[in-house]
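In structure tokens below, several structures.
You will see two complexes here that share chain A, one where it goes with chain B and one where it goes with chain C.
For the complex of A and B:
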């Protein structure tokens, strides 16, 4: 098959998966959570319905809002959509995978976090300010853990580009440093997705939605979708490094990828009802522990294990 | 051409001194400085394009040999951009901020052109004696520039600390140059004879002189164990002077370090480590300390320490790789060039941010971020410029900071597969990425506390005047241009760095960059470049969103901000800057408390009847005093380090 056609198909497929899979997983997540709470719960498609409904609602803009408030969710969404083309999900020689590297992906992901926080800060609301402040404080440490684990992966595989990393990883697999590092990446994905012990930036009962308090309509949809996409991209990255064998299989690739991410989201969904929300100091301490684990993976990678 | 600019600077200073009207004196002084700087810009661009200038001013023993080629031309180009724009900015800024307030600015208009001239001199001279002269001139004039508001106590304090520290640096530099010159026959101070003298010198000097020289550069460059003058001096100085300090003066040590390491001393692994490891430390500590600052210029000062750390790290890593094996010359040259690219970018966005604090000072009369807020509505153009500056500082994709930081990361990680020698490099890259996140945090704080949200203080409507805005906007446009076309910068930097590392040819270098890292930022390869994709990715969705918004006009209603249903105003409820990262601060409390002095606990004297007990008490006290070296203020530690170094040198000279 033509290389260019593959490139176009796989990038479209990547973008499509990144937009539609996470809301579906969120619906499953809500269902499982409700079952554990002994409720019936919303239908699985509920999150997609919510987003669709938000798209046709009116926008309400607060008086004190700056232009950052208006454009940040869209910008974050477009950054993440571009990142989704670069994260190889199914076919090895997919998309721009051969010219891009892990650092660029990390950069784009953290840029989108920063943009979302800027949007919250731009609303002028004190609750949003508090939420954005928590988000940024937690991001410092989450980024540190993600950076350490990505660097240990790059050092262990001796490569920078995505394709080389996957090729190398599927040969040398399984090694402890890469397993630990991708585990840390999964933990980072959990934290970045505003899930329960770390749900501090939104914290509905406490600061009434925090960072998203002033958002409504299409902007709220873009904001929520961006959070989902960010989490999904981190999960996709980690899961393919953890289990790289099936990635280059053209036929089995897609179902196995969906299965892998589904298992991860299943674990997330079972984890969430077990926790109550942390206070910010507790959250920071537990993220610091994760940073420590990522340093262990860095040391192991340096030793060549 | 160089002689003309030097004369222009001196004339500007004289006119500033002797014109009876102070206001016109300062104006003419700055206008002449900006003209001279523009000539420098032209000369350096011409020299970079291939016609180097070598000339000697005066003849006889006091002749000044000047050379403008390669590295000097690159640095002169980097210097002359902030020179020109800051001079233009100063015309109006000094008038608004000081002349109208009745402060005597004559010392400022005398020293400013001489300060500019001394820094140009320091990078162009090829004689140790004149290097010392220009260095001292730089220290003296900058001291007078800092202490313009000398009736305030904190300004006097800051000036004093700065004066002492810059003279310790000068003393160490003089020690290096004089002891090198003492081995020349006949006595000569030109760099080429100093180089021969160094290679003839005894073993202790071979080891000691590079160390002493590097320590001098640490002090002037604001590197962490000896950085404490910097966060005091920057807020005390007027904004245009802080802009020059951050944009230009911090780069003079980097030039001297690069030049001396490659042309006079030899690049060795220890000399690389002496540059690389302090660079890593200042990168992290500068960024961490920038976060809790309240004063906006102190925040930028710590940020300068952090960003200078990036440059030192890249430079040191390059030297380590090159001296480890000549086969790594390609990697080394790319690392050093990335560091110099970051230096170029830093001289664009940091002066811009300092000028913005100047604008805020003119308008709102405050530097305290707890007091400022919501100025984005009254100063829309300044706030746009500030956003561009902050995004470049963070290093988001379409801006220049991204290109340079990214090439530092990529080339650093590429070297991490070598072996043990690259451990400091990959640890450095990991910490550099961490510092990148910290940079994002404090830059966002800087922007949001000053410009976003609801106004907290009353200022008169309208932005500041155009002369105060044009320099920032020009720098902002340059930031974006270099971010989109980083190949332009690299094609200027590679020819400047390559003569120092002759193992790699220029053609091989340009090819190697594209092949090794797919940086592919050279203009001829642009269609395939990653940067091109980034550009596409950033612009295409924005266009899409805007088009979508235009095509489907939604009903958007403006409602008051929701404040929990209470009748507060936003001004009452807004959180202040001090609360921004309080949790983070309390978690890293032990780290931030380095500078807090704890009260001394007075233990009761033991009942010392016995003569035998007394000596033990004295010994205990002596040990207690010794402990202060380690646990006391950092300054004592540094002072002892310096005393040891100087006594070491004396031993060398006598023995």
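For the complex of A and C:
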């Protein structure tokens, strides 16, 4: 009984964190970026205000937009909300957990990316078409890197269930293969979050917003939130594998989890203002390098290091 | 009606050129005169126009500046087109003009021999109705598509305050995309453009195969208003408002032209003050551009810091002129405000600080490898193309052409200061960036020397009298390149014809060449690399798309229009 209550609370809390923490972190990100730019910057709550405002704005649908355009953001959002229940964040067990749940998590994460790109394509706008083309090209390689690093974690921990992976990791960790693999996951999270220099699908001065150009109102809010959530879930996966010892702690689990993710987002925020936007070729080249690193972690895991 | 005799020319180089022209085209030259010692005006027979022009352009190595059309019917003539050429290395200008009959105005086109004249001739055709026979691309240039045929706004019988012009339904004949091509519209409203212009890119597999440009969407009719209702002393202020970034160079150029036409000697102190303000304006403009370039490449940190430094430059401008921008300092015959001793010291002090900041930002920008990788070998304009189109300013200097009005045709105090002119031969976006970055330091050098060497004296010329019917040609180096004002003085304290040619006008036709075979992602930075100033270019006619129909759009209608999703 006690355990069931814990499960329910942790799941609800997980979903709550996934929805509200990333916009807050984005606010902090914008503030830090502004300080580096020598600007004052918007208030930290600004991203949350923005999303709230978008929720009550009119939705404008271009003529000839397909049904993908209409439903993709909501679908991606619900996929990701479901995934947030499966990813253990502050409690070792998750409400929906079974053998191989890691595969499903990965599947849901990448489907949401593809859905968002298809939603952009469905708008029928040439700029959105160009943005979606870039997004899909990059996603293929990014997902590959993520898959390799997750497989190496599975091999090294000898388990397929998230819960078991964390349990095993807390015993055998720290080992090089897991550290490298989680590093790759964090890099994937950075790329998937449309951050510079990988901000190609939106690239406002080039293709005026790219895949989001036709979105407005609630759909835009759902779209933006989905991007935030996807990035957050990847970060959550990575930091918990990197530091698995606090998850089972009922009291310290939550604050330590927030601290861990905060540190990651802080690094992201300091990194972004240092870059200019890549061209697609350069972006693919650097993602390929990340793929190579993930293969190294795979080899290391195979060797049992 | 007379022909200049050889003995009247003092300049030996000009004498030689003139002798050659007379020898070859003697019968075709109807009239010739020399203005201000270095500006040779040749009035030629229609049939000789092409021959004389191509002789000057090809054999004398002159650059084409612009063409000014004038309605000379009230003066007892017909329509006249003035083709202006500049021989940079000899500090000479040659103005070739031919008259078209008032009843059926036709002239041979020189655009086949002098490619740069393509736009200018179309503009003269649109505004004055002179047909140019054999023009390679006789589409409309400056007038909107719904403007009726046969109504020419710069003719003297067209009232400057006319409001009702009947509209017709017509579409601009753009090229249709071929199979496998799709059209990527950049503009009329696009985040990379800060003014409404339309670049139509034909894209195949992510690469630009062709580009077309349709601009002149924001006409203001500056020239017509000046000719119609302003007096000489008012024009510097409207000239400064031609552009929000490089306005001072326009008012200076106008003043230079009119001072030259009427032989006004302005005091040295005023010349120095104009020079200082012009260079401050160049620093402001270049910093703005470097910032925008960083922004287009996604490097917002560079963008923000450039503009932070620019803020300081504007403070300096405020200290001297009282305004951050649009200084309002120029008058025909001098300047309105003095630089005080306190202001001079403060400015020198500030200059040292600014130099340090400029060095920091330029090192960051030019040393950032992913930034430079994106602009090297991108948007190449070859030296030959640059020469053919007669591009100006940093665009020319980035393509290996060493031309700068400040050195070639020194004006104000530029003859008295020494500075470096950066020239790069790569012709890519990077070269144009480096030219501008290095020019920031040249400008700082000029300001410093000018502030230190500024002589004391008056600010205004003592005698200001403007004769009727004389021609003046003012040339300045704007931040974007050579800026030309051609004018003819008129009676009643009013100007008869005032033609403005901003630098972007000559640079824009090079953009489609730069865009060819480049990836779509690079298109915005390539367009921006000439530092296009559309407001300067679109300065022509009082035409507002909406004036024909006087109605106010309601909120409902705006919503409906916005929702239609025009860009598809």
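As a working rule, the second predicted complex is superposed on the first by the 299 of 305 C-alpha atoms of A that agree within 3 Å, B and C clash if a C-alpha of one lies under 4 Å from a C-alpha of the other, contacts with A are read in each partner's own complex, and residues count from 1 in each chain.
In this text, a residue touches a chain if its C-beta (ideal position, glycine included) is under 8 Å from a C-beta of that chain, and two chains touch if they have at least 3 such contacts.
Nothing here was measured: the structure is a model prediction, and the numbers come from that model.
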item: Contacts of A:60 with chain B and chain C, given as first, second, both or neither; value: both
item: Touched partner set for A:140, first chain B, second chain C, both or neither; value: first
item: Partner chain(s) touched by A:236 [first = chain B, second = chain C, both, neither]; value: neither
item: Chain B versus chain C as contact partner of A:124, first or second or both or neither; value: both
item: First (chain B), second (chain C), both or neither touched by A:302; value: first
item: First (chain B), second (chain C), both or neither touched by A:76; value: neither
item: Which of chain B and chain C A:32 touches, first, second, both or neither; value: neither
item: First, second, both or neither for A:282, with chain B first and chain C second; value: second
item: Touched partner set for A:199, first chain B, second chain C, both or neither; value: second
item: Winner by number of chain A residues touched, once chain B and chain C are compared; value: B
item: Doubly contacted chain A residues - partners chain C and chain B; value: 60, 62-63, 124-127, 130, 133, 208, 214, 280
item: Touching residues (chain side chain A, partner chain B) in the complex; value: 58-64, 66, 68, 71, 74-75, 77-79, 81-82, 96, 99-101, 103-104, 106-108, 110-111, 114, 117-118, 121-127, 129-130, 133, 136-137, 139-140, 143-144, 147-148, 151, 154-155, 158, 160-161, 208, 213-214, 217-218, 280-281, 284-285, 288, 298, 302
item: Touch list for chain B against partner chain A, complex; value: 374, 376, 394-397, 402, 406, 409-410, 413-414, 416-417, 423, 426, 429-430, 433-434, 437-438, 440-441, 444, 448, 451-454, 517-518, 520, 528, 530, 533-534, 537-538, 540-542, 544-545, 554-564, 570, 573-575, 579-581, 583-584, 586-587
item: Touch list for chain A against partner chain C, complex; value: 33, 36-39, 60, 62-63, 124-127, 130, 133, 196-197, 199-200, 203-209, 214, 273-280, 282
item: Chain C to chain A touching residues, read off their complex; value: 182-185, 190-192, 206, 294-305, 308, 368, 370-371, 373-374, 519-524, 563-565, 567-568
